[in-house]
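When the chains are written out, they are named A, B, C and D in that same order, and each has its own residue count from 1.
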Amino acid sequence: MAKVTEKLEGMDVWVYHGKIDIPNTYSAGAVGSQFLIELRDNKKIMGTRCPTCNRVYVPARSVCKDCFGELSEWVEVSQKGTLLTYTVAYQSNPIQPVSTPIVYGIVQLDGADTGFVHMLGEVDPEKLKVGTKVKAVFKVKKERAASILAIKYFKPLKR
Amino acid sequence: MAGRVAIVGVGQTRHTSRRDDVNLPEMVGEAVRAALADAQLSIKDIESFIFSNMESFEGLLLPDHGMITEVGAAGKPGLKVTGGGTTGSEAVGEACNLVSAGLFDITMVVSWQKHDCGDATAGISAAAVPIAAKGLVVGAVSEFAKQALSYINQSGATEEHAAMVRLKADRCACRNPYAHLRLGLKGLEDYLKSGYLVWPIRMLDFCPQSCGACVVVLASEERAKKIHKKPVWVVDFEVAHQEPFSAGSFGDPTGTETYSQDVAAERLYKRNGITDVRKQVDLAEIYEPSTWEEMSLYEHFHFCEKNEGWKLIEKGVTEIEGEFPVNPSGGVIASNPIGATPVIRIAEAALQIRGDAGEHQATRDVKTAIATALGGPNWTAMFLLKRSL
Amino acid sequence: MAERVAIVAAAQTKYHPNRADVSEEELAYEAIKQVLEETGLTLSDMESAITCCQDAYDGRTIASLSLQRVVGAHFGHELTVAEDGINAAYVAVSEVLSGHFETVLLVSHMKESQVEKSVIENCVFDAILMRQLGLDFTSAAALQARRYMDRYGITPEQCAKAVVRNRRNARNNPFAQEPMDVTVDDVIGSRILASPIRLLDTKPISDGACAMIMTTEEKAKKLTKKPVWIAGVSNCYETHYLGDRELADCDALVKAAKKAYSMAGINDPLSQIDVAEISTEYSYQEPLWLEGLGFCGRGEGGKLVDSRTLEMGGQLPVNPSGGVLPGNPNGVAGMARVAEAVLQLRGEAGAGQVEGAKVALAHGYTGICGQHQAVMILANM
Amino acid sequence: MAKGSPIKKAEGPEYIRIEFDLPRRYNWSTGRYLGKVYAEAKENKKMVAPRCPKCKQLWARPPAPVCPKCKVDMGWDWVELPLTGTIFQYTYQVYPLWDPHEGERWSNPHPPAIILLDNGIYFRHCLEETDTKKLKEGMRVQAVWEEDYEKRGLGFLDILYFRTIEE
């Protein structure tokens, strides 16, 4: 095992290689839970509509950023949509769910007024363009937990 | 201060050990909506925001950033302050400065902690970098255990007095619908049944880890008078920090050091002509992490002479019906969403001054109140609030 | 503003990829010592201290605990701002203007070298909707870069030009971490991190600290012959979820700039501001933030970067110090911009001096894709 | 009274919680002042503290570049601490609490204590004696060093604990 502390060369200064290890758990809340459960159980992508400005938020949220009203009306949106932006990320980190390179994208699903932040799969990064039509691919049932990762990725629609 | 500042709205969530029905931003949003309703303002009226929590407890970076939509701060100025347990007070202080400086007319302080995200004791232990003190600091509990031992030795207080503090807090909390622990304790036996966390601190001596949020709306003099029939004036505030003592983190068990509480209290009282606190101030909401600390704080805030804090408890002076009520809300032993805790003290003191505290309204008329906070290595913040200028 | 608040001293450490030789406290004190020496004041003269640090980077609950002694907080007032360092200046303005404190010490420090950067950065993303995807500042910035560049036709060459100019300007800055002569080809040929962002499109890991003293007009005139006045200050939040924002625009910055300009009586920023120091951790941010700051119209940032306007000797020299790209810790970057603006307005920027600079802009941001934006206008008369 | 939030009824049978259990790694530096303590402990089995040039007070835990009280530069005047003293106060942990630096529930079996060193400095450390019935305030104690040079290098923790002694 590596030593916990290490003396710097040529000076009386020590570096401590340590960690902060406190597990954290975050509640999704009523609206968030419902959204994640629909992904898991029914492979449905749900949004919420603002009664004031009519904007449909996907993923479902409870508050409108402009009106500050509570969003109470549930709307199912299409699993297909348009790529608003994307990146091919080459730097790996221990949180990433799959190995790099990862293609991240923001997709505006048909029927939604906001973008959905997720990953893209089955893509040739060279051919990817803003405006590409994509569709959601879900994980298979036994791998599908109530989480944003119930969706495996979005893939380009075949022309 | 340049311009006068008043509290024109307060709101809090119920405080509880776990909130699964809301996510963190939604929980905080509840308190924002409650405060807006109290102030009869719309979110559009709020010109700027100050956020406050202790960042480590939820394991987040920039925790304010995740809740901007839910608190209605998109497109608005603001920033987050952090620090020790006093962070909420420092947030209210900064919001007062923004209004007093004339930069804004209406500012909202948004404070919270959602302890079901993590482990507060572990979070506090992480205040000691292992390179300097690994394994020797265990949360706040061990530090308040030292404080308790010293207090027992110096003042002659006994466990019965700690029990009386706990029972007082519980009686008050049971009248406060927002309080976290409302246990209905019957007497000394219930207290003595409680196990030790770190000797001599029992589970019942110590504050819980709560989920909750508290919001206050502050306004300039001109606006305040229009917004609320009963604005509560922030007359003055004082903050005194302190580096860790060589012998303890939250107190000096050796009895040889000056406390920040004494320093803050002396400065605040002197500036405001307060020579006899219990005569000139009607009520206090103090940040008491433990029963023993409450008795000690009575002394450091000059509610009584040194080593006589336990006598105030014994005589019932600080009861809700007493001559000088302390923590009619149930205090921190009943509810402790840390980042919000100092703001709750200020909000509760304001409600008492307005006469709007409902079931836990103090018996005596409250025109002047102080609200305090404790944090870090014995940091103190104090607010002086009044019904009229 | 009715009364005036002055910066009477500003100092920075040299930025460095790894300051393991000092603790956070010692690092901050390196900068604090300089502002004390410059003004002849002592820590006992400071009525309030504003620290700027974040628990997650320091690896300590209550990060400011380690600073209590070097800011002289004993029995005094200390407050920690958990946004970019420029916001400490905003707090200081309110403390002085409210009459609550006369003399305020500000310090911002960060050691990026002691953390796993992307693990820390990931903690800012919404835990339910984004964090599990493994996003960090760079991958999120790349989403913004692509959106912005695609929408307005900004080219990688234009972004690279910002890098070339900033790195070159840094050669005149003794505090700069990586001053360098690079070409557009060097930038475009550097290793890709997250498309379209390449290694040279972003800043290296950096450690450093910045400190300042701010005070009232009356006291400032006693302390220094060259006080620098805060003429306008503002900031603004944007919503969090990346899909809710139009990433090609920066509305929060537009709002923050408008407010700061109106306080400072500026209606034509390009002609009224002599020098700008802006925080750009990624090259695409320079044209984007310049749009937000109103130096050009929406979508015109690329052309502005192409022109001579931003060069030394141009109409609006941007980042004579080299800015953030040659290396600043992200929590210090904005306060460093203010410090550089102070040097410019005092005529002390050495080889990087913009002749006759009277009005300067400093900009800082915090969070993913510039979620929190802050603008400050400074003047020397 | 509109000062509280509605207590929401559960809308569904199931609430989702998302867990993260990834330690954050840090490389903390002692810096020069604490580094001096580390060096003296490791090389010489000595505990040292800087002395303020103004108030002459020793700042043992932890040392700092500025005297907290005088608010002046500490300088570089180091004094060796005596490692015998008396127990001023001790406590003990009954219920193991989560140790963030270990990532597990842990309680130090050695009672944390404040020791009044023979030069009048209060020093925080822990005690060897784990049977708290045998402990009393005022007992004489002496530091016990980690004797293995290779294992030293942990600063204050190069002292394992304080042992009660008969004098």
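The rule is simple: a residue touches a chain if its C-beta (ideal position, glycine included) is under 8 Å from a C-beta of that chain, and two chains touch if they have at least 3 such contacts.
Source: prediction; values computed, not measured.
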item: Chain-contact steps, minimal, separating chain B from chain A; value: 1
item: Farthest chain (mean CA position) relative to chain D; value: A
item: Comparison of C-D and A-D by number of C-beta pairs in contact, larger one; value: A-D
item: Distance from the mean Cα position of chain D to that of chain C, given in whole angstrom; value: 36
item: Approximate Å spacing (C-alpha centroids) for the pair chain A, chain D; value: 42
item: Averaged-CA centre spacing for the pair chain C and chain A, given as whole angstrom; value: 29
item: In chain D, residues with contacts to at least two other chains; value: 8, 10-11, 15-18, 20, 22, 24-32, 34, 64, 68, 98, 100-101, 154-155
item: Sequence positions of chain C contacting 2 or more other chains; value: 20-22, 56, 59, 68-69, 74, 116, 119-120, 127-128, 131-132, 239, 241, 244
item: Interface hub residues of chain A, defined as touching at least two other chains; value: 5, 11, 13-16, 18, 20, 22-30, 32-33, 36, 61, 65, 94-95, 147
item: Chain contact topology (line, ring, star, complete or other); value: complete
item: Residues of chain B touching chain C in the complex; value: 1-3, 23-24, 49, 54-57, 59-62, 64-69, 73-84, 87, 90, 93-94, 96-98, 100-103, 123-124, 126-129, 239-244, 258, 260, 263, 375-377
item: Partner chain D, residues of chain B touching it in the complex; value: 10-14, 20-22, 30-31, 33-35, 37-38, 59, 119, 121-123, 125-126, 129-136, 138-139, 141-142, 145-146, 149-150, 177-178, 195-200, 243-248, 253-254, 347, 351, 356, 358
item: Chain A-facing residues of chain D, complex; value: 8, 10-12, 14-32, 34-36, 38-39, 98, 100-103, 153-155
item: Chain C partner contacts - residues on chain D that touch it in the complex; value: 16, 18, 20, 22, 24-34, 64-69, 71-73
item: In the complex with chain D, residue positions of chain A that touch it; value: 3-5, 7, 11-30, 32-34, 36-37, 94-95, 146-147
